[in-house]
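Naming follows writing order (A, B, C, D, E, F, G and H), and every chain is counted from residue 1.
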Amino acid sequence: MRELLEAVADGSISPAAAEAELNGYVTSEAGRFDAARQQRRGIPEAIFAEGKSAAQVVALAETALETTGRALLTRVDDEQATALRTALADSDPEAAIERRHSTVRVLAPTYEPPELDATVGIVTGGTVDEPVADEAEVVCLDAGATVDRVDDIGVASLARTLDQVDRFRAADVLIVAAGREGALPTVVAGLVDTPVIAVPVDSGYGYGGDGGAALAGMLQSCTVLSVVNIDAGFVAGAQAVLISRAIDRARR
Amino acid sequence: MRELLEAVADGSISPAAAEAELNGYVTSEAGRFDAARQQRRGIPEAIFAEGKSAAQVVALAETALETTGRALLTRVDDEQATALRTALADSDPEAAIERRHSTVRVLAPTYEPPELDATVGIVTGGTVDEPVADEAEVVCLDAGATVDRVDDIGVASLARTLDQVDRFRAADVLIVAAGREGALPTVVAGLVDTPVIAVPVDSGYGYGGDGGAALAGMLQSCTVLSVVNIDAGFVAGAQAVLISRAIDRARR
Amino acid sequence: MRELLEAVADGSISPAAAEAELNGYVTSEAGRFDAARQQRRGIPEAIFAEGKSAAQVVALAETALETTGRALLTRVDDEQATALRTALADSDPEAAIERRHSTVRVLAPTYEPPELDATVGIVTGGTVDEPVADEAEVVCLDAGATVDRVDDIGVASLARTLDQVDRFRAADVLIVAAGREGALPTVVAGLVDTPVIAVPVDSGYGYGGDGGAALAGMLQSCTVLSVVNIDAGFVAGAQAVLISRAIDRARR
Amino acid sequence: MRELLEAVADGSISPAAAEAELNGYVTSEAGRFDAARQQRRGIPEAIFAEGKSAAQVVALAETALETTGRALLTRVDDEQATALRTALADSDPEAAIERRHSTVRVLAPTYEPPELDATVGIVTGGTVDEPVADEAEVVCLDAGATVDRVDDIGVASLARTLDQVDRFRAADVLIVAAGREGALPTVVAGLVDTPVIAVPVDSGYGYGGDGGAALAGMLQSCTVLSVVNIDAGFVAGAQAVLISRAIDRARR
Amino acid sequence: MRELLEAVADGSISPAAAEAELNGYVTSEAGRFDAARQQRRGIPEAIFAEGKSAAQVVALAETALETTGRALLTRVDDEQATALRTALADSDPEAAIERRHSTVRVLAPTYEPPELDATVGIVTGGTVDEPVADEAEVVCLDAGATVDRVDDIGVASLARTLDQVDRFRAADVLIVAAGREGALPTVVAGLVDTPVIAVPVDSGYGYGGDGGAALAGMLQSCTVLSVVNIDAGFVAGAQAVLISRAIDRARR
Amino acid sequence: MRELLEAVADGSISPAAAEAELNGYVTSEAGRFDAARQQRRGIPEAIFAEGKSAAQVVALAETALETTGRALLTRVDDEQATALRTALADSDPEAAIERRHSTVRVLAPTYEPPELDATVGIVTGGTVDEPVADEAEVVCLDAGATVDRVDDIGVASLARTLDQVDRFRAADVLIVAAGREGALPTVVAGLVDTPVIAVPVDSGYGYGGDGGAALAGMLQSCTVLSVVNIDAGFVAGAQAVLISRAIDRARR
Amino acid sequence: MRELLEAVADGSISPAAAEAELNGYVTSEAGRFDAARQQRRGIPEAIFAEGKSAAQVVALAETALETTGRALLTRVDDEQATALRTALADSDPEAAIERRHSTVRVLAPTYEPPELDATVGIVTGGTVDEPVADEAEVVCLDAGATVDRVDDIGVASLARTLDQVDRFRAADVLIVAAGREGALPTVVAGLVDTPVIAVPVDSGYGYGGDGGAALAGMLQSCTVLSVVNIDAGFVAGAQAVLISRAIDRARR
Amino acid sequence: MRELLEAVADGSISPAAAEAELNGYVTSEAGRFDAARQQRRGIPEAIFAEGKSAAQVVALAETALETTGRALLTRVDDEQATALRTALADSDPEAAIERRHSTVRVLAPTYEPPELDATVGIVTGGTVDEPVADEAEVVCLDAGATVDRVDDIGVASLARTLDQVDRFRAADVLIVAAGREGALPTVVAGLVDTPVIAVPVDSGYGYGGDGGAALAGMLQSCTVLSVVNIDAGFVAGAQAVLISRAIDRARR
């Protein structure tokens, strides 16, 4: 610890990074960032931007960048994204910013991405499911997994689904996102012997709308699925990463 | 009317049948029976046995038999069925009794069944759906329709479903009953250009159990379905009869 | 297929139309359009505009127009409608645009509408039900059916309802839309021997508001109804079309 | 008070009756009985038998009988009714016991019933509604009102309802009980200028069953109704009594 | 009828008024107005402004004014109220406009208000209940009843409630509006022998917010209440009018 | 620890008691008993008997008795109580068994009860609330608190409530249990400056029955309450004990 | 009282303060303010600003300030806060205004804060819980209690929680606020023998969002907790004050 | 196929086994058994006994045994288990029957169990969770996985949980079952980098009882979990098997 404090003293490590090393978390004005989560839990803490001010989002992203080499943000709106871009242009102009719908990843120039020998298949039923699937995809890519994305495969015209069975079977783990009646994960899982993580999507209207019918249908599925909450793309992606990493370790 | 009353007086018509002819309904101790429903609405009044005493069920069945030539009963339990059998052995020994799970039909020996030139396809997902489908089937058969029954076609092994597409397409109208996540009507409807009536079935457990997920999923279906309440096999069958009769009239 | 590709090569058919012919669906930037649904399912894929950007709506409408001769759009808001008008003025100035509340239909000048020998009665309880009934009406008209529309027939003054019984009886199939307590479909169905499709409408307030009481009441109806989800005018209309077409085929 | 205590001392009044006179309530082993409710609230405290032991029901009934001249009991099952009959044969052999389904009234031989110059119309949709309507009827009769009971008037065959309009209009206040979709109070209220109290009844099945659809529909009624809880026949009857008594007072 | 048509012809009666006399309802561009409701049901049709355009509200109000001498509007927002004021300044400058929160009444200069010999007590728990109570009050005043309004009597400080018992007892019928836990109608009803109509108000937050706890509590009340839907001030007022009119008739 | 093991060896302490001392919990065939909870959390682990076999209940009770000197059991049915009595007659004939409705306490002859200088007021609305209040009372008595119990104080006749204000004010902490609309805790709390713990009770019927209206009303109370789950008499009692002990410590 | 009126007459006391002294409440244009609540209930009436106009908020705050020496406001938005600041600059320029998120306290210069010898620990799970905890904290500080605030202690990294056990144990009463799955109060309460008041916070998304999962989890806690409604920081704080005051009284 | 039919002809293979080989499913009187599911989906079809007659359960179990070498049954009650034992004593006396609470496995003497190089940790919060965990365990053992079972680790005494971290970390995949507030999976998952499958258990009472709070809490978890339906031990076990098999394949 003496060593660490000396490194802080001579400026070779920032106070935030030192706090992260010592405590596992870093205190910023916008709250604590759990920098050690990656190591303890195997997945980084993502910054859930919804309901936070742009300033809070920027502060947390900069802390994440400083202590873990990159920041992962979900449910980012346009105002928050612009604020982030502006702030980083100033504080860290070399950082790379990637945006997929409402999911944003920021990479320090020195960040060395991990590698993971596993393929996650990500399947959606329709256009409305894509932002949710993007959340999942970014987490998987961040962890170094290969992603095979198959979009717009609704059960209303089954031929579109059956066409893709070979790709479903080639994946190590599948994430299937669907709204409305949410039947797609059941149909896909019935065709493969791969673990399937089902993600209900907030779509539909009237009774069972807002993802409620999809969630209930996935929990009642007559095949084997495990399920995450409505629109929880990040959680599905992170669970796929944990499974992929176990497979990757076994492959080495 | 004078004629009718004279027929009552000389015993050639029972008071109940006369009341039915005059009022459209018959008053028994167990309540009124809407004998004119068949003519007005195109389908007979069925006797919903659940929650009625065996004596009430017998009284209503005998009234129906006397005024419309047959009685249709749903949700009949063993005690009620036995009471009915015993009572009819006495009052109407020539009446024929048919039972399918909890659905019972009693036919007067003189009853002349109608004919209907139309085929109703009735499809179920699993064993648990069969009593509900039986309710529907008995109503369709009672109306003279041809029924093509396809059981045990769950979406968990899709091949079983796809095998039967030709039979689905041959029907004039389809009734599809399913519990758990209730995806079967959506999958079937996506394969045909026939009207599909979806029946959610009270099965499953936990969240969305008791038919709730199935109902929500059918109402949210991304294809075209109309839906009846959970376990409402009679309603689905009667709606199929109304459609079949319109087709039958057009065919003549 | 060679022929088709040559037609693409010489420009007599667009790549989108060729893809539709080959695959059944067409890929645009706004997602896939299921061009073959009309043929397979008997009804066209409608574009559900709610939650889509104006650009996505335009792209899907143009794809539909190109591959099926017309586009059917539901839940279109003013901004989307204006964007569509502007885009079509440019890309397809001869296309005809029809708008009924939030339902829009675009017709290519060469489009030849089908004919259907059947009448759909569409009945509403009050002013608030009309946009939902319009969705149903546009689908029926698009399919070539005759529509008999009876508006503003609430059960609070029953005389208004009873006045119209002859028109109800003259229809081949009835769609009845109602909000609040949703009793109208039950009252109408009790008077006719026609199949009735009930549409609960999102109206009312407090307990059972937003169409919830109407949906529950229709599913509990003591007469025979089949039901679609709250505000699902399109689904009701499409189901009426499937029934009408079966009647029409039988009439020929 | 001295007088009262002397009356207790010489046995011309029981201790319970004296306690009732002094405190308004009487303490028995089965809890307190609110003997003064009649005077304060205008309606007697009824004994809700459901969930009480037969012994508790008997004790409370005897207390009511002793202090108010009669006992009114709701939701009485066969075992409780038998226990009551047995106990009274012993303790008060001249008391008269009236039973209507699960509602029971016991009258002391000296009880002088009140008179009320008002008519309560009580209307039901079907057989299943009758025990609930009986609760209401017994309360109204107990208060001395005239009751005009019209049973089995479901909206599925509207003619049965319309036939009775003159009787509906002749009542000073109407109670309308209905289960399933609960449309009857709305239809009746639309025909009269009388206050209507709607009682949803626990019937039906699946979504909106157990009286839920009926309650929601009555609260959403597009005409003017006030509503009591599901199966709350006693409350509806008591409210009708309060209205009738106001009318009766005005008539005098 | 000949007479009526001649009156239309010579302009002494408007076509709308004539249609109202003949049909009971008047057709305007904004839908039908049930002009005969007052006569048939004893209360006028109120115009529910929420969700209607300002133009529709104006059209319906003018129709009501023309055919029944005044217009009663509920849930009117500022924009609708301004539009109404502007339109009437032009079409009917002598009409008097009264506004209480979101309730508006417009009176033709020739309108002769009815008289009703009955007092309605209207009680509220807090500031938030007042707009709902205003709806009720305006209906009662419109019918000619005397209104005794007691505001801001919450159960959290019971002394405020108990102070007013004499006024509660002096009323012929009581309307009690309360939000949050909705205990006020129970407390008030326990103190009087008057019929009490309870109105749950949309207030509170979290579990049971939006009037849900108040509605449930009023339906579960251990005293005698009848209940209307959340925020249904108009319905409560109209029911009080029907009761008041019965009392008034009895008093004459 | 050596000492402890020697005590086990020479039989002066049982293995269970030794395990409890070492681990804090004891393993029996019926699961672990958290013997250290008393010390850590300030309240003993109660044995929730519902859903357990009589044998499991006996095993856990004997373990509790052996390691903490007494056993506290809630939701005990007759069969379980009899089994317990029989078993203890054999294993520990000197143990004292106390039963209040479904709550049972068993005391070892050597058990020395604690003393607590604080009074808990326990108030109920009606007979149905008493078993729940008994659960609370037994926990308070077990901890040595003084209990002042006030039963049968419903808000339907407010005088019964107001009579008792002095007793409410004399308590250090109040537990108020009520079912139906659950208004009693609000009324009581409005009269005192004591902390009030509200317990909703599973009573009532129809909408808001089973304690739902009471729970919602207590959470929405316009005065200050904290709330426990429906029928959670034990939790309310234990919370009152924790507060009483803090007061007791401050008094010393 | 004569004295009081003379004080009003000579201006040494305001009419509002006199009304407060006489009646316990003060009538302003924005409703009544319960000035005596502090004395009767031990906690001041807070002004719930949500849904009130800025003018109403100002009027109530000024009344509170005048009659109780300070005003406590919850759920204040920016517009209301600004209006308050502006109004007070004019009417009471020496008043001190404190704001914590949406909670505001205004202090008259002459106000003498009470002292309370007790410590309330306030614990939050994350950033989103802080405004709710602030409500609680302001009430506790207003009552003179010592507050020990521990923020950002989520159960996802348990080490952060376990680190703080000594501070938890040092408090006399604990308030624990948490959203999402709401496990924090259970985890904290398992570690201490202090009364814990749990506050569910409106956070999360999808099923169980808006505080619903947190509320349910806290009511189901397998340890001892009492609970307030979602986001009810004020109620939790006030309950902690009532407990603290009892402890404080015992300490004196 | 010729070969297969000859094998049937000479009796070396049963007709059921031949049908299974050809169709993938076998038809018995109790419905179809999906014998090919093991191969297609990687897990056998389990027989869900709840709601089936003993005869149906026996028939399906015998079919499973004959075609896949063993039968896996869940939710078996005593009557069904006895019937199975009796039937097998006759038809297949050498079959081994294993029972864990309501889960039963029957093994043909010739059955050769698979081997799987992976460890599934199964963790429960309390006694009530054990039957659900047993379902999961039997599926894992059937697939050849190693199971490490840790029972009775509730969060109310956290030390019991923290003690077991090393065992949690040693597993390849974790199943965590908990009822009441369902916090255990979140606490466990926060300590490991292993995939965790959370199983809510039907326990608790009042609001959020029957597993509802646990399900909501697990879906809202602030760490990474995937979830199955309430009491769905079989599904959790089967998902763990699919993950384990992927790891096992990678290890080879």
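Just so we're on the same page, a residue touches a chain if its C-beta (ideal position, glycine included) is under 8 Å from a C-beta of that chain, and two chains touch if they have at least 3 such contacts.
Source: prediction; values computed, not measured.
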### Contact distance in steps, from chain E to chain H
2
### chain E and chain D - chains in contact with each
C, F
### Query
If we look at chain C and chain F, which chains touch each of them?
D, E
### Message
Could you classify the chain B-chain D contact as same or different, where same means more than half of all interface residue numbers appear on both copies?
### Response
different
### Chain centre separation in whole Å, for chain F relative to chain A (CA means)
46
### Length of the line joining the C-alpha centres of chain F and chain G, rounded to whole Å
30
### Task
Just give me the whole-number Å value for how far the CA centre of chain B lies from that of chain H.
38
### Message
Can you work out the whole-Å distance between the CA centroids of chain A and chain B?
### Response
50
### Query
When you check chain A against every other chain, which residues touch at least two of them?
40-41, 126, 156-157, 190-191, 206-208, 212, 215, 219-220, 223, 229, 232
### Summary
Pairs of chains in contact here are A-B, A-C, A-G, A-H, B-C, B-D, B-H, C-D, C-E, D-E, D-F, E-F, E-G, F-G, F-H, G-H
### Summary
Note: in the complex, chain G contacts chain H through residues 125-126, 154-158, 162, 180-183, 186-187, 190-191, 204, 206-209, 212-223
### Query
Across the complex, what residues on chain B touch chain D?
24-25, 30-32, 34, 36-37, 40-41, 50-52, 56, 200, 202, 211-212, 215, 229-232
### Query
Which part of chain B faces chain H closely enough to touch in the complex?
126-128, 151-152, 156-157, 159-160, 203, 205-208
### chain E residues within the chain D interface of the complex
40-43, 172-173, 189-195, 197, 219-220, 223-229, 232, 235-236, 238-239, 242-243, 245-248, 250-251
